[in-house]
Structure formats: structure tokens, C-alpha cells
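Pasting the structures in now, so scroll down.
Presented sequentially are two complexes of subunit A, the first with subunit B as partner and the second with subunit C.
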Partner chain A sequence: MSKKELGLALLLIVIGGITAALNPLFLSGVNVLNMANLIGLFGVFSIGQGIIIITGGIDLSVGSMFALLGVILVDLLVNYELPWPLAVLVVLAAGLVLGLLHGLLVTRLKLQPFVVTLCGLLIYRGIARYYTQDSTTGFGYAGDSLDTLTWLASGRSFGIIPNPFLILLVVALVMAVVLHRTVFGRYLYAVGRNEEEARHSGINTDAVIIGAYLLGGSLAGLSTVLLVFYTSSVSPSSFGNFYELYAIAAAVLGGCSLRGGEGSILGIVLGTVLLQILQNLVNILGIPSSLNFAVMGGVILLGVVADQQLGRRRERIQLHRSQATAAAE
Partner chain B sequence: MEVLLELEGIGKSYPGVRALDGVSLRLHRGEVLGLIGENGAGKSTLMKVLGGVVAPSEGRIRIAGHDRPSLTVPEATQAGIAFVHQELNLFDNLDVAGNVLFGREPVRGGPLRLLDRRAAREKVEPLLRRLGADFGPDAPLAELSIAQRQLVEIARALAAEARIIILDEPTSSLTLSETARLLAVVKELRASGTGLIYITHRLGEIMDCADRVACLRDGRMAGELRRDEIDHAAMIRLMIGRDLRALYTAPARAPAQGGLEILGLVTSAFPARQLDLHIHPGEILGLAGLVGAGRTTLARTLFGIDPPLAGSLRLDGKPLRIRSARDAVAAGLYLIPEDRKQAGLVLEMPIVENVTLASAPLYARFGLMRRGAEWQASEEQRLSLRIKAPSSGTRAGALSGGNQQKVVLGKWLSMAPRVMLFDEPTRGIDVGAKGEIYRLMRALADRGVAILMISSDMEEVLGVSDRIAVMHEGRISGTLERDAFSEQAVLRLAIGSEGAGTARKQAEGVPA
Partner chain C sequence: MKRRILLAAPFVLAALPRGLAAQEKKTLAFVVNVSADFWTIARRGIEKANREHPEYNMEMIVPGQASAAEQRRIVDELLARKVAGIAISAINPGNSTDMLNRAASQAVLFTTDSDAPASNRAVYIGTDNVAAGREAGAQIKRALPDGGKAMLFVGTMDADNARERVQGIRETLAGTKVEIVDIRTDESDIARAKRNVEDVLARYADINLLVGLWAYNTPQIYQAVKGAGKEGKVKIVGFDEDALTLRGVADGTIQSTVVQQPFEFGYQSMVGMVKYLNNDRGFIPASKQIIIPTRIIEKSNVAEFQGQMRELLRGR
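This part shows the complex of A and B:
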């Protein structure tokens, strides 16, 4: 665990402790499991976002992707009566295709990731609303044939543990290995830190960046399935609204720098946990829910400022130390 | 004659480097002082002292009636010092008037401080006319040529009522006729009483316009020439003429056949020039030339970073196609770049990850990095290259310049080099580490690696190379065998003057 992650974990414990002290219901089984479910839902696509941020990019389009892919998923299952494994595969593939599109626009046409995915945000939402004529779509009477998928995406295992949380654990474990143990992960960090040098080392930097957007896209596809079964219907004008910002917030809280090259899977997961605790504490402490965003924004700002200051102090200390050793030589 | 500027005993020390040592200089009203010296002789440091960017460690600066130990940027501007840089400091997104009056824009509307465009135009127009500019104050800067932009810089100096204008390599990107026009402007400024310091490698221009020449060498004033003493030979004599330290170690075996053959290569920097060069295995081929001669672009093109416009490569007799750095690395052709922090290292990563970055797949099984193997490889490099760091876990950014360069070397040495391109391998590296880098290069050559060493350090070029190729404006102007090495010979080829003229061969209209 790095210092950053340790600090974040500490912050989690402090905030959790205060909340629990003020209202013991915070630690009740129902509340904890409910939070775990939400953490699972938000964590999966936050990891995708984090990986893109590590390359120095950003994905603003995830929220709209949920609306578009969600509409497609419901349509495939209800109107086309596609077998559910096939429908899920189609949604995952569609996520991959959108990720590929973003990656190609960023690397081949040298467009800024912010602009590319901002356009995605507008376009996908628009298409989703047009396709459904802005009406909410749900499963209606088709629900019965979807028992397995419903259970997989929104059920509970071992009697109590929400499946989205378990899915997040699996995704986090796999992505942690990919990011921290594989050659590809090494390249991701190198490209994010110093793309010029990565190219000078003979790394196909374009392929690495496209790879990050592919991962982000497929994780967004997976999240779509989970989110659709969480709400069990999709209203295209609001489904997934602002979720890209939750993901970015989680990644930044978790230690990802928007300049790229920094961050870890553990950090991103902890960031997601912190965000959900903040959401939950607004409810459970009876803070007016209209202040929800303000609380979140305030804590993120504080966290980032503290991290910045601590980082500077560390650097100063390191500098002093290296100067001292240089002088001793 | 009124003295505008007087420097006395200016010295500047950086850790391990004495950049300036007891430099004294005087500039009179209405005088053009030519300032010459090899790359690294201390010209830029001296100019930074005058611009207020660098504070000298000792000495006095007497200017505008004040006597002070150092200048700040506002003080320098206030004292009437203005710079015309080789890299122009202008705003692409403003028009000419906006650039000329930047920081002193005329305003109207009282507290609103609205830009007064009309007043700006009226102020700038006469300046442009005086310089003989063929563009108006409203022209967007982005549409001007480099020569025109230079006039904008000079107009800016005039608008600031500069009494001392320093021109730093002003003609390095100009064509012949543009150069002639600039020299006419210089003479006009002199006639109106401005003092000018004219820094250039092109000795012909100095002969054309300078009233006096001062030469820096190794941070010291090597001497001055009066107007009637200025000639080519005298200036070259001043620029060189120092004992060469014994750096050279002879190769262990004669250069072999094969190696890298460059045939008719055209780089993007000089689209009208073709280049042929052959680097033999086992030899260190020094590539000398002035800054801007196209050497770095050549290295980047060979390494696949910049695409070539034409030409072909052969490696050990077989055709070699390089479309990206990946192809170059796969062929065993490696670059140690000039800009180590940008292109050589990931500063935030530890030594081990830097060393294995280019060969990471070699340390992986089923796509997973084997940390033990990679650590071992990195430690081997750290010990054999004697990188001064507690372990391979140290961040590359925390190392000194010399040790950073060794990490870059370690990255390639842990692989299978056949051709290595060193671009300014010892820039910013202290003397002790320099010697180590030279020994490493020689050891590599003796292992049969073909080495190209780009260097602007004359001592290094003469002291380390087995053979020297000299580049001048995009082509190889000559190669020298070891027994023909001399600073004069290299300098003559670098300046592109087989005896007298300067850029005579430079085709009109081809940007240099």
C-alpha cells in the first residue's frame, strides 16, 4: 500500500467512524450491504475511467454510454427476445466498439480525449433519447425468462453479499494484475508519464492508449448490464447522468493524476468507497439531500488539497536529504 | 565615445562547472560588437547575465550610470537592454502591433483600460517603416516568415527604446537575401546610436558588420580584435587554440565491414539536401557541426522518430526499413537522445523500470512481469555501469545527470546493440562521469557496435572519435581521418567555408 492509499484508507475510517458515532445505523447490516451494492455498481466503471486517466486521457462519455447501451440491452431482451447471454455479449461488444472509436480518434487523429468523449457524451445520449422517443423502457412481462441474468446482475450470493460487489472484486483483482503486473500495465504508466520517452523505447504508444480505451469501453458495457438491472428500467434522458463525474472523482480521490501516469486499482476502489460513504452519510445524518453534491465536492477538494500539500512536503524533505548526501560525498 | 555597458570580471559557477571566469566586456554607443566562440564557450550564459536571468557569482555590471553586481529582468529592460533571440519570443496569436507593444499597450477609457488599437498602429507603423518591413501593424504574426518575425522582434526592441540590442544567432534560419537585409538594419541601428552585440557562428557576417570582435573560450575572454584586425583566420585562431586533454583510446581492433550505411537520406529539416554516411562496426564516428546543422534530426530520422523524405539504409549489407522507433529497436539500432529528461527517461519511474522499459517483454512470462528477473538485470547494469544509487529502486529523477545518462545507456546495454546513436552524450555531465561515458563507448565499439557520436564539444569530438564527419546545413561537408584531425579543419567544414565565404552554397529560398 502506498502512502496515498494509506491516507485514503485512514480518511475512510475517520469519516466512517464519525458517521457511525453520530448514527449507529450506519454500520447496520442493511446499510452496509446496500452500500456494498452501490460500491460494486460504481466501482467497475470507475476502474475503467482510472485506467484511461492513467494514460493521460479522460472519458466523459460513460454516463451517456450507459443510456445508449442500456436502451439497446432492454430492446434486445424485450423486443427482440434475444437469449440473454447473446444480448450481454452484444452490449459488451458495443462498449468495446465505442472504446475503440475513442482510442482511434485520440491516437490517429490526435484529438484531445476531453473533446472526443465530450462529443460522445452528447451524441450517445441524443441517440438513446431519439431511439426510444424519450420514453422509459423496462422489462415489463419479459422478466420471467431473465431470472438468471437478473440474479447475476442484481442478486445476492451466499444469501447476503450483493453480486455487483463480488463482480467488482473480480474486476479489481484482474485489473490490478493487468495494471501492476503485466507488460501492458507497465507501458500504460510509461505512456502516461512520458509518451515521448515511451516511443523512444520502441513502444507502440498508440496501441497502448487504444488498449486503455478498449478496457474502459468494455467495463462500461459490463456496468451497463449491472445498472440496468439495478434500476430495472432505463429512462434515456436521465439514466447514468453525471456518472462519468463520479468515476473521475473516484479516480482522482484514489490517487490518479489528470496529468497521467499515476494511480492504482486499490486507490480507485477506495475512492469509490469514500464517495459512496459520503452519499450515504448525507442520508443517514439527515443532512438535506440537496446538499449531497456540495458535501461530495467539498470532501474531494479537501482531499486533493491535502494530498498536494503532503506531496510537496515529501518532495522538500527528499530534496534536503539528497542535498545532504551530495554534500557528504 | 560614450560607454553604454561595461562588464568587469564576471564569473559564474555551477556545481562542478565554471561557466564564466573573469569576463570583461565593453560596449560603446553606435557600435556593433561581434561576439564569437564555440558552442559551450559561455556566450549564452553571458547573455543570460545581461538579460537578468542569471545572477553572476562575481563581478560588476556598469550600465546606465549604475554599478551593480547583478541584474534582474525588469532592471535589464529598464536599462534599455533588448534581445533578439534565435528562438523567437513572440506571440503567434497576436498581430504585429500587439507583439511590438506587448506589455506597454496604449490604453484608453480610463479605468476600463481598453486597448487603443489606433494609437498602437500609429506607434508601430513608423518603427516598421524604419526597418523597411514589408508588412503592416495589423498583419497577424502567424502569417509572417521567420525573417519578418525577426524584424518584429527588433521593432519591439525599438519600441522599448532599447539602447543595447543583443542579436543571438539572428541569421541561423534566414536565407541569403534575408540575411543581407538584416545586416542593413543592423547598420542603420548603429548609425542612429544604438549599441549592438551580434552573436553568430557565421564569421562572414561579423566581417561585414562588426566594429570590434570579442571571443569567448571555455568561459574566459580569449581576446579582442579591432576593426582592422578582423579576418577569418584571426577569428578561428581566437576561437580554438587550447590544449586537448588526452581522451583518445585506440580501438582494440580495426573497424569491420558492414555496419550502418546511409544512402541518399533526406530529412525533414533540410528537404533539399541528400546525405550519405557509413558507420562501421567497431568505430566511433564523431559527427560535428554547428547547432542547427541538422544532426539531431538525422539521429531522430535514423531512429524512426521523424519520417525520412527519401533515401535508404543498409545494416550489415542488408536493406533496413525503419518506419518507427519500434523497427529501429528491433534491428538493434538505439538512440541515446539529446534531451534525456524528455526522451531518454521516465523520471518518476525507478531505475529498474527505466532499464527494462524497452525490453519489458523479455522479462515477462505469459504477459506477467517477472520482477525478480527484471530486478536482477537492472542491478547488473547498475553495478557494471557504476550508477551511483542505493539500489535499482531509486527514482531516475533523483539521480545526477551523469547517472541518469548511465541509466539510459543501461536500458540499451541490457539488450543487443548493433548501432548506437549518441546525441550530445555528455551534455550537462560533470568531468568525471564524462570519462566513464567515453570508456563505455569505447568498450561498446570494441564489442563490434557501430557508434555515431553527435557532439558540439570540440574537445570531445577530437578526443573520442576514430573518424569525424562534419555536417553543414543538412549535408556532410566532409569527413576527416584521425591523422587529419584539427580544430581548424572541423571548424572550417562546420562553417561551410572552404577558406573564405560563409553560406555561399546555401540555396536561395531553402530555409536553413
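This part shows the complex of A and C:
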């Protein structure tokens, strides 16, 4: 655990402690499991976002991707009555294709990731709305043939543990190995820190960046399936609105720098946990819903400021020490 | 999926010449506030009106975002296109009087779904939301004859229909032993709508009844209550006719839902504008409000209503 992750974990414990002291129901089994479920839902695509941010990119299109892939998933399952493994595969593949598209536009045409994915945000939302003629799609009139998939995406294993949380654990574990234990992972950081330098040292930077967007796209595809089964319906104009910002916030809270080259999977997961706790405590403490975003923004700001100040203090202390040792010599 | 995209291509092409043909026929526009199934049903009403009056070009326009600014842009563009009539569900009617009056001076202006009484609109065709709230209040009283705790869920409270429905509910419950604990909002984020319900069920062990004020709220309440295994223990009263809401009414988890008749909004607005353009204004009452009554859907009539809805929403 790095100092940054330690600090974040501390913040989590403090906020969780205060909330639990004010209302012990915060730690009740039902509430903790509900939260675990949501952490799973939001964690999976936050990891994808984090990996893209580590390479110095950004993906603003995830929320719209959820809407587009979501309506496609519902359409395939309900209207085309495709077998569910095939429908899920199509959605995962579509996520991959969109990721590839972003990656190619960023590397081959040298477009800025912000612009590419901003256009994605607008285009996918528009297509989703056109495709459904602006109507909500859902499983309301669907039969019971989706029981297996419903259980996989929104059910509970071992009697109590929400499957999205288990899926997040698997994804986090795999991605942690990829990011922290493989050459590709090293390259992701190298490209994020200094793309030019990375290229000169023989790294195929284009392939690395495209790889990051592929991972982001496929994790967005996976999240789509989970989110659709959480709500059972997709309204194309609002589904997933602003979710990219939850992902970016989780990544930044977790120690990713928007300049690239920094961040860890554990940090991103902890960032997601903090965001979900903040939303939960608004409800659990009975704070007016209208303050929801303000509470979230306030705590994030507080966390970032504290992190910055502590970081500077550490640097000062280190400087003092090195000066002291230098003087002693 | 590939096939579907290929299928979509001719639609895009087909959509283009329609704008050109609009030059000859008079156009009547129906501007809604946000995309929803509710408006899909209204669209069927518009289509029926158009079959009866093929000499007009009738279209429904859905804003990209539910914002007053976006709606204003749409209305300005419609006026620039010189449409003959506009029926609009104004997002922020209180502060849109200027925009509405400008429209009223250049075309026939009806309001639908949400009224703007301060403007020069010719007539309002839609629900009386305070009355709809009173209907829901009566359902709540019936569900909790001995009183109890109720929680309300809605997208945002700055929408007039949300405030009016709450007002109607409060009026009916005044003096009873039913207590409205709080109103939780979700800013139209469906996932948050569900988590709000989950959190309320986790926090209040003694909650007796949940009310969903907007179309998507009730299905999320239904799912969260089922997920928590509290069917029957926690009663549900809802609004509107989402498919899941109707399923919940059918299986008894939801006591009843108050539905509006958007089909009539679409049909009567369009037919009314045609009459108005032909100088037949006898159908407009002195109050300048044509109130389409709400209906209560409960277990006894849900099957028939489900059939109707499936029919209306099919083949889109």
C-alpha cells in the first residue's frame, strides 16, 4: 500500500466511523451488502477509466456507451430473443469495438482523447435515443427466460454476497496483475509519464494506448450488463448520464493523476468505495437529497487538499532531513 | 447488431425528405419535456389524429436534455420554420412566459401535460396534477387505514408536476395518522432511484408505505422491495404505467397506480389545434383548461390495462 492509498483508506475509516456513530444502521448487514453491490457496479468501469487515465488519456463516453450498449442488450434479449450468452457476447464485443475506435482515433489520427471521447459521448447518446425512438426499454413484458443471466448480473452468491461485487473482485485482481506485474503494465505507466521518451526507448506506444482503450471499452461493456440488470430498464436519454464523472472521480481520488503515469488498481477501488459511501450516508443520515452532490464534492475536495498538504509536508521533512545529514557531513 | 444498423440506414434517409415535404403541408408540432414511454403513448394519439387529418404534417419533438434552454431553442426553430401550431409540455412554465407568448403570437399555442396559465396559450390539455396527487393520497389512506409512515420518491422537486402531486397528497393526508417522513430525489438517475429505496428500507425498519411520483420511480421501488423480501410488509402506491409497475400491481406487491391518459393528450391536442386553425373554438371552456381525468389501476382492472398498453407500445 502506498502512502496515498493509506491516506484514502484512513479517510474511508474516518467517514465510515462518523456515519456509523451517527446512525449504527450504516453498518447493518443489509446496508453493507447493498453498498457492496453498488461498489461492484461502479468499480468495474472505474478501473477501465483509471487504466486509460494512467496512459494520460481520458474516456468521457462511458455513460453514453452504457445507454447505447444497454438498449442494444435489452433489444437483443427481449425483441430478438437471442440466447443470453450470445447477447452478452455481442455487448462485450461492441464495447471492445468502441474502445478500439477510440484508441485508433487517438493514436493514428493524433486526436486528443478528450475530444474523441467527448464526441463519443454525444454520438452514442444520440444513436441510443434514435434507435429506441426515445422510449424506455426494459424487461417489463419479458418472460422468465432470463433467470440465469439476471442471477449472474444482479443476484447473490453464497446466500448473501452480491455478484457484481464478486465480479469487481475478479476484475480488480486480474487488472492488478496486468497493471502491476506485467511488461504491458509497465509500458502503460511509461507511456503515461512521457510518451515521447517511451517511444524512443523502443515501446510501441500506439499499441499500448490502443490496449488501454480496449480494456476500458470491454470493462464498459461488462458494466453495461450489470447496470442494465440493476435497474431492469434503460431510458436512453438519462441512463448512465454523468457516470464517466463518477469513474474519473474514483480514479483521481484513488491517486491517478490526470496528467498520466500514476495510479493503482487498489486506489481506484478505494476511490469507488468512498464515492459510494458518500452517496449512501446522505440517505442513511437523512441529509436532504438535494445536498447529495454537494456532500460528494465537498469530501472529495477535502480529501484532495489534505493529500496535497500532507504530501508537501512529507517533502519538507525529507528535505530537512537530507539537509541535516548534509550539514552533519 | 450489424443487421440492425443496416436496417437503420434507410430510416435515416427516409427522415430527410420529410422535412422538405413539410413546406407544402401545414405542420403541427408536439414538444415534450424528456424522452419517456409516456410520450410514446402520446405519439400513438398523435398518429391517430394524423390519420384523421392527413392534410397536416404532425410531429413530436423530444429535447436532447430536459432543460428549459433546450426547449426554447426547439421552439425558436419551430417558429423559424413557420409551423402552424405548437403543443408543448413546458419544462419551466413559470419562467418561460416570454418564450411561450412569442410562440403564441406566431402560431397556435397549446400547453399539454404541464400548464403555463400566465402565458397566452389558447388552452391547456392534460392532467390536473394536484387532483392526481389527491387520488394517490386516497390510495395511501386506503392502504394505511390505521396510519403509518410513508416515504416519497421522485426525480427532482423543482418540477411542477412533482410539487403539485406532493401538494395533493399532503392535502388528502392532512389530519390523518399517515406521516410523510421525507421525499428522496434522484435527479433522474434510475440507478440512484433504486439505491434511494434500498437505503430507505435499510434505514427505516418501520416504514409502511413507499410512493413513486414519477414513471420510473415506482418500478425501482417494486424491485428494491422485492429484493429486500418485504413484499406485502411495505405497501406501494405509484404513478404512471411502466410495464414493471403494472406487473407489480398484477402480483399484488403494488397496491395501485394513478395513471394519466397521454394518448388523449396527443390526440386531443392535435385535433384541437386543427379545429382552432379552422376557427372552431367552441371546444375551449371558459377556464381554458381541458382536464383529462386520471385513472386508478389496481388488481381488478390491471390485466385489461396491460393489454391496452402492450397494444399501444407495440411495433415502434
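Criterion: the second predicted complex is superposed on the first by the 313 of 329 C-alpha atoms of A that agree within 3 Å, B and C clash if a C-alpha of one lies under 4 Å from a C-alpha of the other, contacts with A are read in each partner's own complex, and residues count from 1 in each chain.
Assume a residue touches a chain if its C-beta (ideal position, glycine included) is under 8 Å from a C-beta of that chain, and two chains touch if they have at least 3 such contacts.
For clarity, every value in this text was computed on a predicted model and none was experimentally measured.
**Q** Looking at A:Q279, would you say it contacts subunit B, subunit C, both, or neither? Reply first, second, both or neither.
**A** A:Q279: touches subunit C, not subunit B.
**Q** Just to be sure I read the superposition right, which of the two partners does A:V177 touch: subunit B = first, subunit C = second, or both, or neither?
**A** A:V177 contacts subunit B only, not subunit C.
**Q** A:G202 contacts which: subunit B (first), subunit C (second), both, neither?
**A** In the superposed model, A:G202 contacts subunit B only, not subunit C.
**Q** For A:R186, using the defined touch cut-off, is the partner it touches subunit B, subunit C, both, or neither? Pick first, second, both or neither.
**A** first
**Q** So, A:G159: does it touch subunit B (first), subunit C (second), both, or neither?
**A** Neither: A:G159 stays clear of subunit B and subunit C.
**Q** In the superposed model, does subunit B or subunit C contact more residues of subunit A?
**A** C
**Q** Where on subunit A do the contacts from subunit B and from subunit C line up?
**A** none
**Q** Would you pull the subunit C residues touching subunit A in the complex into a rising list?
**A** It is residues 1, 4, 8, 34-37, 39-40, 62, 64-66, 157, 182-196, 198-203, 216, 219-220, 223, 228, 242-244, 246-247, 310, 313, 316 of subunit C that touch subunit A.
**Q** Where on subunit A does subunit B make contact in their complex?
**A** Subunit A reaches subunit B through residues 177, 181-184, 186-187, 189-190, 193-194, 196-204, 261, 318, 322, 326.
**Q** Touching subunit C in the complex: which residues of subunit A?
**A** Contacts found on subunit A: 23, 25, 28, 30-31, 34, 38, 41, 72, 75-76, 90, 94, 125-126, 129-131, 133-136, 138-141, 227, 230-233, 235-239, 241-242, 279-280, 283-284, 286, 289-290, 292.
**Q** Within the complex, which stretch of subunit B touches subunit A?
**A** 303, 305, 324-326, 328-330, 335, 337, 342-349, 353, 357-358, 360-361, 364, 367-369, 398, 400, 411
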